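Below, subunit A partners subunit B and then partners subunit C, in two separate complexes.
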Partner chain A sequence: MTGFLGKRMLWSAGSLIGLVILVFFMARLTGSPADLYLPIDAPNEMREEFARLHGFDLPLWQQFANFLRDLLVFDFGDSLRQGRPAVDLVLEALPTTLLLAFWSIGIALMVAVITGALAAWRPNGIFDRIATLLSLIGASLPNFWVAIVGVLVFAVQLRWVPTSGTGTVVQWVLPVAVLAIRPCGLIVQVARSTMISVLSAPYVKTAEAKGVPRRAIIFVHALRNAMLPVITVAGDQAAGIINGAVIVETIFGFPGVGRLMIDSISYRDFAVIQAGVMITAIAIFLLNVLIDIAYALLDPRTRAA
Partner chain B sequence: MTKARLLGAVAMATCLFATASQAQDTPLRIVLPSEPADIDACNTTVSNIGIIIKENVVETLTTLNPENSAVQPRLATGWTDQGNGTWRVTLREGVTFHDGAAFNAEAVANSISRLQSEAIACRDRTKIRGITLKTAVVDDLTIDITADPPQVLMPTLLSFIGVGSPNTPADQLSRAPVGTGPMKFVAWDAAGITVAQSGSYWGEKPAFETAQYIFRGESALRASMVEIGEADIAADIAPQDAVNPATDIAFLNGETTRIRMVMKPPLDDIRVRKALNLAFDREALVGTLFSDKVLLSTQHFLPKINGYNPDLKVWPYDPEQAKALIDEARAAGVPVDQELRLVGRIGFYPNQLEALQAMQQMWAAIGLNVKVEMMESAEWLKLANKPYADDRPAMLIQEMHDNNNGDAAFTMQFRYHSTGQQSEMAVPEIDALLDKALAATGEERTKTFQEANRIIADEIVPAVPMYHMVSFMRVGERISYAPNSLSGSLIELADIAPK
Partner chain C sequence: MMALTSTDMKGPAAMTLAAPEPGRLAPLLAMLWRDKFASCAALILLVTVFAALIGPAFLTEAATTMNLRARNAPPFEMARGLAYILGGDSLGRGILPRIIVATQNTMMIAASAVLSSLVIGTVLGLIAGYRGGWVGDVILRLTDILMSFPSLLLAMVVLYVFDPSIGNVIFVLALTRIPIYLRTTRAEVLEVRTRMFVTAALVAGAGPLRIILRHILPIIAPTLLTIATLDFAFVMLAEASLSFLGLGVQAPEVTWGVMVAEGRNYLANAWWLAFWPGLAITLVTMSLNLLSNWLRVVTDPVQRWRLERRMPSNG
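The block that comes next holds the complex of A and B.
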């Protein structure tokens, strides 16, 4: 296991460095931050002065050399907008995003696995048909639409929850629910199809022949074997949220990585963009390690491999 | 009066008093579309910064009346032109900064020096572009400010100078400004920006003890927050969300939109430029793609601005005449069939792509080949700002510009003088008129700008004027506030009262 993790880390380190270098050049292709930061009628001398002040007047190779030198000590420079270390800004935003991912994927997993397993119990039964239809709808609805409709229904009409904000637990209800709907729909479909496949396996037939109750067969024997694809999809969805639950964070005013990155991209705040990409990439790498560990725990064949 | 009635009256009075007190103690909450990068005293002309701190936390030396742009005293109580570009400014007595520092001539000199410093990128410097300000302290409450080149509009320029505490860092933009305003900065955290009444304010105090600025990007959500009482004011809500006449107020926001022409072939021919104007049915888009409250424009700033020419007429919609002009130009060898890019900038206003597409169709109907292209700001600026590329072909550029500064100079020098950064013209007659107007005062200044506007609109036709734009603000039912043309960049908390 340690050797496996070591290899993963080595590969990931290489990928991360490649990624950040790519972001460095791609970001600079989008134009000068002076054009966005300064007013539209700012004179050219002021734009040049701004570029000089922030080192954007240096040749690109020199900016890149400085960037690599600072990267060795994990220094991404200061945010153009806030004048603070970019790493600090990203690390301050990360817990909010991680919590959003944790709760939304946790709830989605719990609801979807149970629903998928029950749907697979009697394929094409009424429950299965309803679950399949709802999961398809859930997986297809755009977050933006769900968020706005959720606000109008649950905050404006019913007044059950606040429209937005992060100060209290109840303010997390709508954003977490909105983020959970799509993963929930996808996982229900994966859990259902995998369970149907597993339930036709010879060992299930054997258990049935031995008189093991159907409920025990599903939730004790079959479910564990059906979990590997479910974890793969859940991990993928969680990575998507960590990478930036941009729409939900922006609409609900959550100070997470997604919102920070969107603001930084809008203002060409290169230091924060680079730090954000690097830190979220590390978080996703760690998530993948956790998924690998979960694979190993669930399926001994993975451990042997 | 019986004892029971007396008790009842006392109870009712107590309730009323308690309700009134509660209205003022509950924080005022204003929800804005975007969180600023900083809230420094030298960036108060940036709309998403000014709307929070200008005249609330940080005060300027003068202010402009939103109705007629007349200059009014604020931290400066008087100003006289001493000649040779020097203005003697008298400062308000008995004012202190929120950190206890004294407001005096030294503090003003420090703010002006910081504004012009190359160590930080103060965006208010854009308002004094091409001008160097020097200061000389006369006494504690008198300062001489000398502009090079001399500025007849110095009192207006003073309205761009936010005065921050002398203890503000000189080499860093501040996220915790210290000013002299009625409110002092308290906190900036995940919930937003909080300000609270300053105990030592020299003037009339706002009705609310504290105010919180919250940032939500989605217009529907901002409107909903006011509807259910989570906020008191929602700024800049989209027309489709402004559906409640009781709370949603439309107001001219100082912005004017138009299509500017790069006058290369075929747009170097005035017949083609006139045809573009005649073929655009301005009325058709009002109440459909644009709010029914917008005003049709003839010039690139509002009628309240000095130098506006009231005699200019809106172009009529006459596609027949437009087609005749295009045919005439074609017959004369003008390449009218050449493709023209209509370049829009993403984020100017709602429904802008649809509006540009509608214009494209109107122009296609008279035989012009126009292609709509939307761009991000950075790309758009490369086309809109000098130095222009030598091979830049004829094109149509969507523009929006705000002039809430009281004078045509803030629009015309930039857009019509041959040296203007976004000017497509090099007309000696216009340059001479603008130079004359810029040096003039009073009636002569007004008339000269008006004459320049007449020639530009009638004889040069460098643009397709469109509309003076409106914004919508949702104002909650527990407060009273009347937005004005400055409210997109300045909401004085002192103007807001509980009902």
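The block that comes next holds the complex of A and C.
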């Protein structure tokens, strides 16, 4: 398994390098920050001073070389907008986004696995049909619309929760719920279909023949084996939230990575963009390692690889 | 282009798997009729395609006339006429005609993006899968990088560099979806090309182009079309998200996403501005998902009996 992990790490390092190069040049394509940070009628000396201060006067390849050199010690430079190290800004925003991902995927997993297992109990039964329909609906609801309707109903009309902010637990209810709906719908579908195929496996027939109750077969024998595809989908969804819960973070005023990134792009804050892409990529890589470990724990066959 | 959205999608997908004779279409429609949710979904999609095709021709005037006395007019009031049945927007334009007119742009953007990513992804996937070698490796590595780049971020950066015109929005959406088709095609090609009939065709002296077009593509087409149906819903959502963040299509061009974004500022006092176009998006994506789920069951020989067996007893 360590060999497998090592190979994966090399692999990810390769695509991380590609990513870094892409981000560096693409960010610079969006235009010069000087136009944004200085007054329109700023004299040329002022522009040159600004460029010199932030190293934008150097030739592009020199800037890139400096960037790579600083990258080795994980220094992305200071944010133009806030004058603080870019890494600090991203690391401050990261917990909010990670917590959002953790709670929404965690809740979605719990609800969806139980629903999916119960739906597979009697395929095409009444519960299965309702669950399938609801999961399809859940998987196709647009985030921003659910968020808007949620704010409208629960915050504006009923006043159960505040419209935005992150201070108290209640303020997390709505964003987490909004983020959980789509993953929940998707996971129900996957859990249901894998459960149905797992339930026709020989070891389930054996358990049935031995007289193990149906409930124990589903929740003890079959569920463990149906978890692999479920974890894959859940991991994908979690990565999606870490990468871009922009909409939910914007609507609910959450200071997460997604909002930091979109603000940084519009303010041409290159250092923060680069740090943000790098750190989220690393977070997602670590998530994938966790998923691989979960695979190995659940399925002895993958341990050999 | 519009035909890609819904009804025609099930034609080729179902036909390739079922027998190709035209007589199979009638039982298929009968089966569709039996599943009430799938029928509703098909109906919604038909109406949407209809609105996209003829809506702008008839309603552009109604959708652009401003009536300042109908600014943020509440919905369900007949006094202002049918155009204001869903309320008026912040400039006093009727929401219903605006939604209908916006259908064309919304559908056109999603359809173009899905079609271009489908074609480009499939061609590259066929090359990577069939030819392999260093060309295949390069294609695959580039896809990896593209996939590890957060797609929303990619879209944001590209739309900052270039102006967010309709063409660029389509380009960005297509770019982020290419990897899905590429990887699927490649994986399927790798599997299909080892099968007996491909070997037989090779022995019979068929060239690579003939093998790909006549023997491999028909086998993987249903899978790709199913993905495309689901992707259509996904791309619609992505377009709406971009518009919502102010990075999508810009006014005076209008899509459903743009309408939701415009309405967001009036949420507290005029909820209907953002609600209705959002509902339109929701209904269409939901219908696409429902219909493609139904299609999956119909085209899957293992599950198909579930729909067929019910037929005699119910009918």
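Side notes on the structure shown:
The rule we apply is simple: the second predicted complex is superposed on the first by the 286 of 305 C-alpha atoms of A that agree within 3 Å, B and C clash if a C-alpha of one lies under 4 Å from a C-alpha of the other, contacts with A are read in each partner's own complex, and residues count from 1 in each chain.
Rule of thumb we're sticking to: a residue touches a chain if its C-beta (ideal position, glycine included) is under 8 Å from a C-beta of that chain, and two chains touch if they have at least 3 such contacts.
Quantities reported herein were computed from a predicted structural model and do not represent experimental measurements.
Of the two partner chains placed by the overlay, only subunit C lies in contact with A:Leu19; subunit B stays clear of it. By the touch criterion stated above, A:Leu152 is placed in contact with subunit B and with subunit C alike. Once chain A of one complex is fitted onto chain A of the other, the partner contacts of A:Gly125 are absent, as it touches neither subunit B nor subunit C. Shared-chain residue A:Pro95: touches no atom of subunit B or subunit C.
In the superposition on chain A, A:Pro43 contacts subunit B only, with no contact to subunit C. Of the two partner chains placed by the overlay, only subunit B lies in contact with A:Asp263; subunit C stays clear of it. Once chain A of one complex is fitted onto chain A of the other, the partner contacts of A:Thr250 extend to both subunit B and subunit C.
Look at A:Pro213: by the touch rule set out above, it reaches neither subunit B nor subunit C.
Legend: residue contacts after superposition of the two complexes on their common chain; A:Gly55 is shown touching neither subunit B nor subunit C. In the superposition on chain A, the residues of subunit A touched by subunit B in one structure and by subunit C in the other are 30-31, 148, 151-152, 156, 250. Across the complex, subunit A meets subunit B through its residues 30-32, 35-44, 46, 49-50, 53, 80-83, 96, 148, 151-152, 155-156, 159, 162-167, 250-253, 255, 263, 267-268.
Here subunit C touches subunit A in the complex through residues 37, 141, 144-145, 148-153, 156-158, 160-161, 233, 237, 240-241, 244-245, 260, 264, 267-268, 271, 274-275, 278-279, 281-282, 285-286, 288-290, 293, 306, going by the rule given at the top.
Those residues of subunit B whose C-beta lies close enough to touch subunit A in the complex are 35, 37-38, 45-46, 118-121, 123, 125-126, 129-130, 172-173, 175, 190-191, 214-218, 220-221, 224-225, 227-228, 230, 376-379, 381-382, 384-387, 414, 421-422.
Against subunit C, the residues of subunit A that register as touching in their complex are 14-16, 18-19, 22-23, 26-27, 29-31, 124, 132-133, 136-137, 139-145, 148-149, 151-152, 156, 243-244, 246-247, 250, 261-262, 265-266, 277, 280-281.
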